[in-house]
Structures are given as C-alpha cells and as structure tokens.
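Note that the chains are named A, B, C, D, E and F in the order they appear, and that numbering of residues resets to 1 at the start of each chain.
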Amino acid sequence: MDQILSLAATNLLSPIILSFALGLAAALARSDLSVPEAAAKALSIYLLFAIGFKGGVSVSAHGIDAKLGLTLVAGIVLSAVLPLIAFALLNVMTSLSRLDAAAVAAHYGSISIVTFVAATSVLESSGIASEGYMVAVAAAMEAPAILSALWLISRGGGNGQRMDSDLWREILLNGSIVLLVGSFFIGWATGEKGLEEISSFIVAPFKGVLCLFLLDMGLVAGRGLRERSDVLRPGVLAFGILMPVIGSLCGLGAGLLLGLSSGGVALMMVLSASASYIAVPAAMRVALPEANPSIYLTLSLGVTFPFNLTLGIPLYVALATAMTGA
Amino acid sequence: MDQILSLAATNLLSPIILSFALGLAAALARSDLSVPEAAAKALSIYLLFAIGFKGGVSVSAHGIDAKLGLTLVAGIVLSAVLPLIAFALLNVMTSLSRLDAAAVAAHYGSISIVTFVAATSVLESSGIASEGYMVAVAAAMEAPAILSALWLISRGGGNGQRMDSDLWREILLNGSIVLLVGSFFIGWATGEKGLEEISSFIVAPFKGVLCLFLLDMGLVAGRGLRERSDVLRPGVLAFGILMPVIGSLCGLGAGLLLGLSSGGVALMMVLSASASYIAVPAAMRVALPEANPSIYLTLSLGVTFPFNLTLGIPLYVALATAMTGA
Amino acid sequence: MDQILSLAATNLLSPIILSFALGLAAALARSDLSVPEAAAKALSIYLLFAIGFKGGVSVSAHGIDAKLGLTLVAGIVLSAVLPLIAFALLNVMTSLSRLDAAAVAAHYGSISIVTFVAATSVLESSGIASEGYMVAVAAAMEAPAILSALWLISRGGGNGQRMDSDLWREILLNGSIVLLVGSFFIGWATGEKGLEEISSFIVAPFKGVLCLFLLDMGLVAGRGLRERSDVLRPGVLAFGILMPVIGSLCGLGAGLLLGLSSGGVALMMVLSASASYIAVPAAMRVALPEANPSIYLTLSLGVTFPFNLTLGIPLYVALATAMTGA
Amino acid sequence: MQTHQAKRVEITIEAIMQSRLTEALLKAEVTGFTVLPVLGGSGRSGAWTRAGEIGRASGMVQVICIIRPEKLDKLLEAAFSVVERHIGVVAIVDCEVLRAERF
Amino acid sequence: MQTHQAKRVEITIEAIMQSRLTEALLKAEVTGFTVLPVLGGSGRSGAWTRAGEIGRASGMVQVICIIRPEKLDKLLEAAFSVVERHIGVVAIVDCEVLRAERF
Amino acid sequence: MQTHQAKRVEITIEAIMQSRLTEALLKAEVTGFTVLPVLGGSGRSGAWTRAGEIGRASGMVQVICIIRPEKLDKLLEAAFSVVERHIGVVAIVDCEVLRAERF
C-alpha cells in the first residue's frame, strides 16, 4: 500500500502528469491555448516511431522469447473478450442503448497507446524491466475488440455491421498500427547499432515530447468534458473507472499465467485497462454511425484515460510487482 | 562602452540573430521561403514551455525570493504606466489619431516573450545569473497595458472599449500566458528532478529551436515591412526605437530599486523595452477594431523587435551589469 | 566489389533506408498512415538548415579551398549539360513527346537535396571526409538545368518558355535554395563556436529526423507509384535507373579532374545522379504547364530517388573511394 | 432526388471574432455551421497571409451556414451585430439541400 | 466572356467517409472534385473543432464538385448512398463556368 | 436586412499560380479576395492530396472574390489570362451581400 501511494505521489508530481493537468485545466477554464492539429499528429508519429523502435531493439537484444507467440495470442483473446465483459457491465450499470453499449465496449477491449507509453516511462523511472515485444502485443490488441462489438450488434439483430473490405483494411492498416509494427521491425532489424545512430532523437528527448503530447491530450480531453460532460450519467462515469480496474485484473491473470516479467505483467494490465480513443472511435463512426460518439469519446478520453494516467498506472505497477514477487 | 560593443558584436554574429536576419532578407527579397503556421506555433509552444519550466525549476532551487511579490507588482505597474508615456510621446512625435496612438501605446506597455527568451540566452552565454521568477513577471506584464490603453480611449470619449467578460477571459487566459505560467508551476513543483527527466528536450536543443523560430519571425517581420512599411513615417519610426530605450530606463530604475541581480535588472529592462506582438494585437482587434493594425504590427514586429534583438539587448545587459556593479 | 556489397548491405539495413521502405510499403498497401503537410515541411526546413549550417562550419574550419570556385563552376556546367544528355537518351529510349522529354531532362540536371543529405550521412558513418562547400555546390546546381530544358523547347519551336521575372525570382530565390545558402553562410560566419551552441539541435538528432523525413518521402513516393505507375513504360523506367548512373559518371569525371577528396567526389557523383523533385517540378508547372507532371514526378521520386538511396549511394561512394585511391 | 430550397450564408470574419459570431448564430437559432480555414487574402485593409504567423491578430475564417430561407433575416441580424465594427464579408446564395428536416 | 450553366455541389462529410464518397462520385462519372479542409463546426450532434486532435473519428471535409446540370441526379444518388446513415450536409447551387468542355 | 446583388467567383488554381492570379485580379481592380487551402482533389489530370507533400508542384488553392456584377467581365478576363494554359476551375454564382459599399 505504501509503495502504491509513494509511486502514485511520484507519478502525480511528474512533469508528464502535470502537463496533462495543465492542458485539462486550461481547456476547462476556456483558455484559447491549443496545439495545432498538425503538431499533435507529428508528436504522435514521433512517439509511435520511438516506442516501436525501442521495443524492436529490445527484442533484438534479448532474443525472441518463447512466450512471444503466446503473449500475442493472450492479447488478442483479451481484446476480444473484454468487450463482452464491458457490454454486460454497461447493461447492468447504465441505461445505454444496445448500440451505444456495444460501441463503448469496443473501446475497452482495444488499447490506448499513450497510456502504454506513459506506463513504460514509469517503469523505466522505477528501473523495472519489461519484454520489448509488449509493443507488438499492444498493436495486436487494437483491432479484435472491434469485431466483438460488431458481433454483439449483429447477434442482437442490429443492422450496424458493414464490414466491407475497405473497413477491414482501415482497421488493420490503420496508420498507428502500421507505424508501431513497422518501427518495431526496423528496431529489431537494426538492433543496438541502429539505436545508437538515432538514440539522441528517439531516446533522449522522449519524455519531454511526451509532456507536450500530454499537454495536448489534456486540452482535447478538457474540451470534450466541457462540451459533452452531460453524457456522463453516474452509472456511465462509474463504468469508466470500474472497467479499467476489471480489465487490469484480467491482464494481471493473463500476465501471471504467461509468466511475464513484473514489467511485462504491468504492461499487460495497462493494455487491458486502457481504452482506445483513436482506432476504435474511427471504426465506430464508419461501422456504427448511429452510436453516439459523445459517449464513447468522453468516457475513453475524459474519464478512463486520466484515471489510468494518474492512479491506474501506479496501482497496476504496484500490483504487478507485488504479485510477481519482484 | 567597449563591453557594449563587444557584447553587441558577439550578439550580432550569433546563429540566433543571423537566423533572424536570414528570414528578414528572404522575405524582403520576396523568396517563397516560409515556415508553416502549424510549425511556427509548435515552436512557440516549445519555447514557452521550456522557458516557463526552467524559470520554475530555478525558483524551486533558490527558494522564493522575498522580492518576488514586489517584483511582480513593479512589473504590473510598469506595464500599466508605460502606455501613458508612450501615448504622450506618440502625440508629440507623430500625427497618429488618438485611437491609433492608444493602440500602439498598449503594445509598448506589454512585453514580447521572444525578446525575453533571446535575452535569457544572451545572459546564459555571458554567464550572468538572473532570478528564475522573471518569467512570472513577464507573464504578469502582458495584460495591464491593455487596460491602460482602453482607459486612454474612454477618457477621450471614444467608444472603443468593449470589455465584456469574454475579452477579459481572452486576455487573462490567453494561451501564451497560461502555458508560461503553467509550465512555470510545473517546473517549480517538479524541481531539479523534473528538469533532469526532460532536460535533453527543453535545455539541450533550446538555442537551435530558437534559431528556427527567429528565422520565422524574420520572415513574418520582413513580409510586414515589405507590405506595410508605408505606415512608417519618420516620427513613427523614431518612436519605435526611442520608446524601447525609454522603457528600458524605467525597467532599469525599477530593477535597481528592487535590488535585483544584474541579470534580473537586465531582464526587467528587456521586458519594459519590448513590445507585444501576440497578446495585445489580438486584444486590440477585438476591443479597438477601428485602430489600424498595420501601424502597431509593423512598429512592434518590424522596428522595435529587431532593434531590441540586435542592439537593445546588449545595451541593456551592459547597462545593467554596469549599474549593479557586477 | 566486396566493399560495394558490404556498403550496400549496411546501407540497406540502416534505420534511414528502412524508414523509407516502411513508408513506401504503407502507401502501397493503402494504409492511411500520413505525415501532416506542415510537419513534413518543418522536417525539410530542419534538414536544410542543419546541412547548410554544418557545411558552412566545415568551410570556416578548413578555410576556403582554392577549388571552391572551380567546383561551383563545374556543378553549374554539369547541371546545364546533363539535361542535354538526358534529353537525347529519352529520345532514344522512350516515346515521350519533345515537351515531356525536356521537362524530365530538367529534373536530372538539377539535384535532390535529400539524396545529398542521405549520402553525407553514409559518408559520416563510414568516416569519409568531404569538402564542406559541397552544400553550396548543391545549391548552385538546382537551377541551371531548368534553363537548359527551356532552351531545348524553344529550339524546337515550342512556345513553352515563359521566363518572366517572377519565374526567375521563384527559381533563384526558391525557399530551399535560400535556406540552404543562408544557413551555409550562418555556419560559416559563426564557425565552430556557433555550432557548439546549437549542435545538440542540428547534429545529435539529425539522423533520427532524417528517418521520419524518409518515412514521409516513402509515403509520398508510394502513393505516387500507386496512382501513376501507368506512366512508367519500360523505356521510361529504364531511363530512371540508367540516367543516374550516367550522371554519376559525369560527376565522377568532374570530381577527379577537380581533385576533390574521395568524399567530395562521391558527393559530386550523388548530385549529378540525383533528380530534383521540388524546385524543378514547380518551375515546370509554371513554365511548361502542358508537360505531364505524372511522368516527371513518378520518375524522379518513385524510381530514381529510391534507386539512389538504396543502391546508388553505396555504389557511388565505393567508386569514388576506389578511384581516388582512398 | 427530392431537394429543398435553402440559403447558404458565407461569413468571412477575423479568427478572433469566430467564437463571438458562432455564439450569436446559436442564439439566433441557427442549427448548424461549418468553419473553414483561410490561408490569406486581400481587401481594403491590405493583403495578408497566415504563413508562419503565431499571432492571432491577423487571420480569418469562413463560417458557412445552410439555413431555411425563413431564418435568413434573423441570422443576418445576428451576424451583422458581430461584424458591424469589424472587417468581414457576408455573402448569401440560394441553394438546394437534401434532407431538409436537418435544417 | 462565354460562360456555361453548371451546378456546384458542396458535400460536408465526415473525414473518415471521404474516400468512400469520392469513390462513389467517380463511379457516378463525376469528372472532378476538390476537397477542402474543415476546422470545426456545430450541428445537431454538437460542436467540434480539430484543434489538437489526432483521432480520425471527429472532423469533416468539404467535397466540392462542379458538374453539368444533367449529371446532377446521378451525383446526388451516389452521394446520398454514402451520407445516408452518416452526418453530413449536401448543398447545391446554380453556377456558371468557363471552359465547359472540362466538365 | 438590406442586401445587394453581387457575384461570387471561385477560382480553383494551382498553388504556384496563386500570386500570378492575385496580381492579375488586383490589376483588374478587384477590391478583395480570400484564399482557401485545398486538401486534395481529382480531375482529368488524376487524383492528388497534399498529405506529407513538401514540393510545390502539386497542390491547389481556392481564390474567392465577391464583386459587383458589373466588374465580372473584367475579372474573368484577368483570371482567364492566368488559368488559360493551366489546370483550374472557375465557377461563378449569383449572391447577395451586406455592406455593398465595400465591393
């Protein structure tokens, strides 16, 4: 408990979290502070490239773990199953329509890469090692949740699903997946030598860039909360905090079963706990246009993301280290 | 005198100034060189975040100075009073209308944060220390000048002032103030430890980023001069160079009275000497739309900014060190 | 031969090339991965500024070489003459119209600065020195080829040429030339001391930035190939690979005659081998609007650029070191 | 296809006035609008471009409203109250729309 | 100068639907279109802005087609099939064009 | 509110030709215009998008002029002299404006 608290306190006072808080506060106070869209996208490209590359280098250094395949499968299963849990929970806790509930559920099966990035940065600060291939697991967990949600709808007789080949391609070749997986392979192929060449670009300034990116996330989340917080009925709000905890426990179970390192277990928890706000919302707009985006965007970015960032990550890391006995 | 000259010479041959000169020359020669708007804004976000953060860290390291409060008050008073001096001077030196004169005056009470950044970078190169909280003083000096200008107009019976609550919020929660003050507090809260985490982002590349930003400022200033230099009647032009000198002397007096370090005095001079080109022009467009923006934009960005950057800063630094006996 | 192969292999497995390949593959697979236009332009501004600056610093360190003038003249002559060779070759190898052939020819006389940048980065990794002023030669070689192409057209009785003064200015004060030459002079003027101030911005992260830029180039090239590869008839395609080799041999001759260092010879080869895809296409749209841009854009960016990047550069470097006996 | 008469109102206005304008529009019961970025322009107050600008004093946006004809007057009054003292251009065009129930 | 009757169709649509719309347009033998960026807007589904956004779920674009009047119906049907279940606005204006042979 | 007849001319033109066009417009005594960015498009010369582009050879802008009807012909001639050999679309729409004294 002590460890959790001290980790949470360190975490809360890190420049990264405070930058997010600054953005959130500025948006809620209706400041005109804003990061240009092109700059925000550039920051996200940098982060994806760097995190993928570093994951690949780490795999090239430690060799492929026999568990890589199993961990990927576990990630895919988690991503596919978590929406079912989320959907059941939403039916109990909220009065959302079947359509809205399925759309929300899809987000919680999928993952948020920034939450993952923030977690790796906490692990690094705490000197806890993790499997480099967790980046690949993150990528693998983006899409399956979408299929589960569409299946939930079709099972209910909805006519939402329009899984044309365009949509398939958009989901699987989604820019962030391609960049993450691509740079993972580049890092793997070029190894430590490649890292050396570009580490003063992708390692040294990484945390600072993350600060600016989280400033922007805070601005966007705050704007969302300001304009759409009316969708956050108590039940919905509670779901946004309960679900990541449940997800993290599923991730914990999977991580322990797989025998991952304590850092790996923590990241598995973070992935399971986090909710998508890029890939899944876009897929929902295409496949389930009648679902209300205000609900899933506000929940994912305005509630679950800040919760994970501030309290969740230290909690998951503490639990993971406690359970793995590290 | 020798010191001034050598400081000025070093200054003039720094990559920072030469980048500005390159931008200016390119725009005057009608090259199509341009920095995308989103990139320019991203650079300014970086600079504000870095300078605010570093100021906060410095305060956390040296503790709060008893003079912080007094210096803030002095800054606010200077910002409020300088427009009155500027207004009187404009009435004597130029034939600008009351409205245009008040609008110009507002700019000279407020401050230019890039001029401040350039000055801190000169101080650093010269190894002259300054109070970290001068960043907060800079933020405090942004807005009061606007009120003075509106008061000048209302006193003259003008119907310009429309200080609705929206305008208040826009001025006080202006993006650059919020970012500067916010990152100041983040730096303060996280201290040296926070700085260590992100210094390879906000310290190491700082000067290089400043070069690109000044390249852009040169392009914008040059374009302004090319298209609007007809507003620069001799009297107006002379004001644009005389006023910063007068402002700097007021800053010098205040800095000496407050007993600031030589770096602090120099920065107080720089703040008083510099003219706003972001916050105040926007406020003037809202509150005094009939005032001619060509005049204040060209004066502030095309005349006073280059003057301060090239000759003013070395002069102020030399004077400050001479008068504080450092 | 061994050296070529090993250099080529190292080159092919560098993060730089793999980033380009990732972009190319993503675009061909129709992923929605994209770099915002503003970010791509910002990256190119960074690269031009850095490469120009470093060239200038190197000249300031080693003094002006007596050969500078001659090398500039040689570059200008090559740029003017290579289009004539290209034009003749196109007439033999392809069935392009006179207009299209002239437009393509102009591109091959001019240069691609990214190819140049990639080559300097290969030279650096291999520890091969080169003349700093080669950057200036690169700038000098941008424009002459355009005049040759317009002369080819006017000789053929075409009414394409519209060399009004606006076009002259656009070509000669083209943003990338101005930035390259300007930062070259800034580097020259501020020397090692200037470099020290900003090296953690322009030196340390350089290769990493280049990776992201090449990712973007890959995306743009891939999109072009996807949408316009029908213009790549076999003859045209063969030209896109043969011409750089011929160009490089002309550059080799010139470099040897001038007695450049092995790195200098290699760069001269790279400049002669590379084809413009920024300055010349824009000039062609203005001066020869009837020429089909699909042909020259696809050839230059989709064929010759990747060829030079992957196979050309190691080949040229190997040849240059072999011939200069380094 | 079935189309319906409507008006397309295009208001080119200083970016700093955007929020004031859109608030006025919403008060005037305009059900929707779309904001387009503007790169530059020229008018009586000279030429301008946003390239490289960080300040918010220059720069405009275009606010486009598609409305039912009967709502035009109210919209124009709302718009006029905001642009009155400011630079800006208001242009109204007759148009037809699909899905009239949306306006 | 000699001008010719044409229609200007402006389709404001979610950015994620852009490629589906333009594919439908090309199938409907539309010879050309121009895509404009949109900064933000407001409608029944609330207000939005692209500032700082990296996600693709929010955000719209404007697709503008200038076409011969006789092609309008086919275009509208194509457009409608795409926007049907989605948010979006279609506005049609009479216009005149130079160089009619291009349409 | 009192409105006045005017013409809205929308010229979609290659970005590299923008300065030549606007110079010609100013010579033709056009009092103002607004330039909009264009993201991409499609026409006889194929499809294009600005995403990730640094070159200036591809890419277009839209220049919008609101003018008094009697000035239309002069404007069209000026525009035509520039777009003549280039790709580009000119579309003219009847519109009404507030504050006619501005045009």
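The rule is simple: a contact is a pair of C-beta atoms (placed from the backbone, for glycine too) under 8 Å apart; a residue touches a chain by one contact, two chains touch by 3 or more.
Just so it is clear, the model here is predicted, and its values are computed rather than measured.
Trainee: Quick check on the contact graph: shortest path length from chain A to chain F, in steps?
Mentor: So the least number of steps between the two chains is 2.
Trainee: Quick check on chain D against chain F: do more than half of the interface residue numbers occur in both copies, making it same, or fewer, making it different?
Mentor: different
Trainee: Quick one: report the Å distance separating chain E from chain F, using the average Cα coordinate of each chain.
Mentor: Using C-alpha averages as centres, the distance is 18 Å.
Trainee: What whole-Å value do you get for the distance between chain C and chain F if each is reduced to the mean of its CA atoms?
Mentor: The computed centroid separation for chain C versus chain F comes out at 34 Å.
Trainee: Just the number, please: Cα centre separation of chain C and chain E in whole Å.
Mentor: Computed from C-alpha means, the inter-chain centre distance equals 38 Å.
Trainee: Can you list the chain B residues in contact with two or more other chains?
Mentor: Those would be 32, 34-39, 41-42, 170, 200, 204-205.
Trainee: Which residue numbers or ranges of chain F touch two or more of the other chains?
Mentor: Expected reply: 36-37, 47, 49, 56, 93-94.
Trainee: Looking at the whole structure, which two-chain pairs count as touching?
Mentor: A-B, A-C, A-E, B-C, B-D, C-F, D-E, D-F, E-F
Trainee: For chain E, which residues are in contact with chain F within the complex?
Mentor: Touching chain F from chain E are residues 1, 3, 6, 8, 22, 26, 31-37, 61, 66, 93-99, 102.
Trainee: Under the touch definition given earlier, write down the residues of chain C that touch chain A in their complex.
Mentor: Touch residues, chain C against chain A: 13-15, 18-19, 22, 25-26, 29-39, 42, 125, 200, 204-209, 211-212, 215.
Trainee: Residues of chain C touching chain F in their complex?
Mentor: These residues of chain C touch chain F: 34-37, 40-41, 44, 166, 170, 216, 219-220, 223, 227-228, 277-278, 281-282, 284-286, 289-290, 292-294, 297.
Trainee: Using the touch rule from the top, collect the residues of chain D that touch chain F in their complex.
Mentor: 10, 12, 36-44, 47, 49, 60, 62, 73, 76-77, 79-80, 83, 89-94
Trainee: Can you tell me which positions in chain B touch chain A when the two form their complex?
Mentor: For this pair, the touching residues of chain B are 36-39, 41-42, 45-46, 49, 53, 169-170, 173-176, 178-179, 182-183, 185-186, 189-190, 194, 197-198, 200-202, 204-205.
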